[in-house]
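The first chain written gets the first letter, and so on, giving A, B and C; residue counts start at 1 in each chain.
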Amino acid sequence: MTDDILNPIDDQVDEFKRAIESIILVAHDPVPAELLAQLIEQPTMLIEQWCSELAESYSQAAHGFELVQIAGGYRYQTAPDLTPYVERFLLHDQRARLSGAALETLAIVAYKQPISRSQVAAIRGVDPDGVLRTLQARGYIDETARDDGPGQAILYGTTTSFLEKLGLASLDDLPAIAEFIPDADVVEALEDGLRVTPQVDVAPREMSQNEPGGSSDGASWP
Amino acid sequence: MTDDILNPIDDQVDEFKRAIESIILVAHDPVPAELLAQLIEQPTMLIEQWCSELAESYSQAAHGFELVQIAGGYRYQTAPDLTPYVERFLLHDQRARLSGAALETLAIVAYKQPISRSQVAAIRGVDPDGVLRTLQARGYIDETARDDGPGQAILYGTTTSFLEKLGLASLDDLPAIAEFIPDADVVEALEDGLRVTPQVDVAPREMSQNEPGGSSDGASWP
Amino acid sequence: MAMNVATPVYEGPFDMLLQLILKEQVDIYEVNLSTIVDAYLAELDRMQELDLDVATGFLLIAATLIELKARRLLPNMSDLDLDDELALWEERDMLLARLLEAKTFKDVAQVFAQLASEADRSFPRVVGPDERFAATLPDMLEGTSVTRLRNAAISALTPKPIPTVDLFHINPIKTTVADAVTELLDELPRIGRITFRRLTADLGERVEVIIRFLALLELFKQGAIELDQPERFGDIEIAWSPDDSFDSEAILIDTYEG
């Protein structure tokens, strides 16, 4: 097929194919052949060949997953005929409910957009990657811009679908929170890792939830 | 192996095994056998058998991924020998390394759960609040109960994330604590270090050292 | 997260004691006790919640150590009451058991570290369903009101106090057991007799009271004072009554040098 001199020996080929499998297994997005070539240090052409050999072997073995080439890369996905099982599982999945962490992250993006993942991380104090990915997969947030700075970080914002789900006409309809939250410089000081004393007490959640009709705007606030 | 009447026919078995593969492929967390049994409508025992057959077939075919039983469920993960490739791909490994203090505290909670912070303090001889908070933030321990006593102290236990972190299928897989009881020489060293009885002729130490055989143990004791 | 306040070498007094005995192969006679006792007191002071059980436990261990050491320093133990002797043996056994327990979990921790590093070699797939299933996924926002979102924003954006680096409340330990011994050696000969409650009445800090108590124990073991507690949990009576052999210079050296 290809020039014999270029071909790695069999043992190595086995390892390279296993490496391809491992990388694609953990990847959240389809992995381009060029990236695999770079990581494994083999020609793109060989990578492509190995990937189709792998795909072929999965289909021969009639596995419940397949290796497909999609959106400029390779990924594992479930076989089309098994969709009913997958859907049944997804309806059972605990992750279907919006966790407290996910709600907070969504709220941060909603009120602070456009915002980068590192800014979200600084506010929440934990790595937000998983949650951001889930919110994006659900179509509540999306990458809306790039930071001008050197890293050109991705900036996130909420989507129109988010507004629809919450019954809002526009972002301007989000209830104001500025009055309840310490000044930006205080928040910044916190992000820098300094200890600051909270200047405002947040009303206990139960209280505001019990308020009939959510008389949202600071009835209980001085 | 099992009663033939209970066993589904071969074609169906193939489909069930493919369904198992597809469900585990899309899951975020290890999928318990019971949940698979419920979704696929087959006995848990058969699910477990099929899962081990699948795991076996992957390892036979020397794939770059494996199916493992961990934290009470099944999940796909990369083969351990391929770590360098996966790390190269993921760039920043966000998994946290645990400090010695965190590991010790985790060990105490794992074997003594449910346990209160003051019981942890008593064993480690240090204030455990900071470490407990970190372990809880990382999701390795959680508040699992309240003490019945007057203070109603919070009791901590380990989580499924803890099992995943250590690669254990369940708490039963923890090594028996009896294996860790210190050796006789450690006990002896500690006993010696904490001797109540002085060596005979304590005061001039040079003398007792000169004494042949050092009649050490409790000469003055009945 | 700043949490490891302890020195890099020892993770608290227990660890210090364990390492000294096991690694350095020293016995209580050679161990610098005031360092260990001070480490206990520092740990007590660092506690963010007053926990009587833990405090008492620490105190008991510190006292046992001092008693053990004092006993070893005193050549004339024949005049000691058998009950006292047995009590000391019992306390020592308790301490030994706790050190063994601490050592057990230290060893377990090493196995945990090994298990974790083996488990870390494999990476789990946490990708989730692909976009083909987006429509199947239940709407996570169902039932979420704008008010809930606003409350979540307020809670997320409000700076939280970070309890572990609460520098405003850390009181450095001002006195040590050695200082307290010096003070008492000055005060007690003048006062003669006093109760523990009165002696510590003007001390505001719990730790200072504990230090005084440990200093008294030290003086008692050195034969400088007599202690009496007529009732269980009652007030302790202290009387200055130095033995013939009592040497205030020696005791100072001992408490300092350990």
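By definition in this document, a contact is a pair of C-beta atoms (placed from the backbone, for glycine too) under 8 Å apart; a residue touches a chain by one contact, two chains touch by 3 or more.
All of these numbers come straight from a predicted model, not from anything done at the bench.
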Open item on the list: Measuring between Cα centroids, which chain is at the maximum distance from chain A?
Closed with: C
TODO: Could you name the chain whose Cα mean is nearest to the mean of all protein Cα atoms here?
DONE: B
Open item on the list: From the mean C-alpha coordinate of chain A to that of chain C, what's the distance rounded to whole Å?
Closed with: 45
- [ ] Just give me the whole-number Å value for how far the CA centre of chain A lies from that of chain B.
- [x] 29
Open item on the list: Multi-chain contacts only, two chains or more: what residues does chain C have there?
Closed with: 123-130, 133
TODO: Spell out, as numbers or ranges, the residues of chain B touching 2 or more other chains.
DONE: 25-29, 65, 76-79, 86, 90, 137
Task: chain A-facing residues of chain B, complex - done: 14, 17-23, 25-29, 31, 35, 38-40, 57, 61-65, 76-79, 82, 85-86, 88-90, 94, 137
TODO: Over in the complex, which chain B residues touch chain C? Could you list them?
DONE: 25-29, 65-66, 68, 75-81, 83, 86, 90, 95, 98-101, 103-104, 106-108, 110-111, 117-118, 121-127, 129-131, 133-134, 137, 164-168, 175, 177, 180-182, 186-187, 189-196, 198, 202-203, 220
TODO: Over in the complex, which chain C residues touch chain A? Could you list them?
DONE: 123-134, 136-142, 144-162, 165-167
- [ ] Please name which positions on chain C make contact with chain B in the complex.
- [x] 1, 3-6, 11-15, 18, 20-22, 25-29, 31, 40, 43, 46-49, 51, 53-54, 57-58, 61, 68, 71-73, 75, 77-78, 85, 88-89, 92, 95-96, 98-113, 115-116, 118-130, 133, 163-164
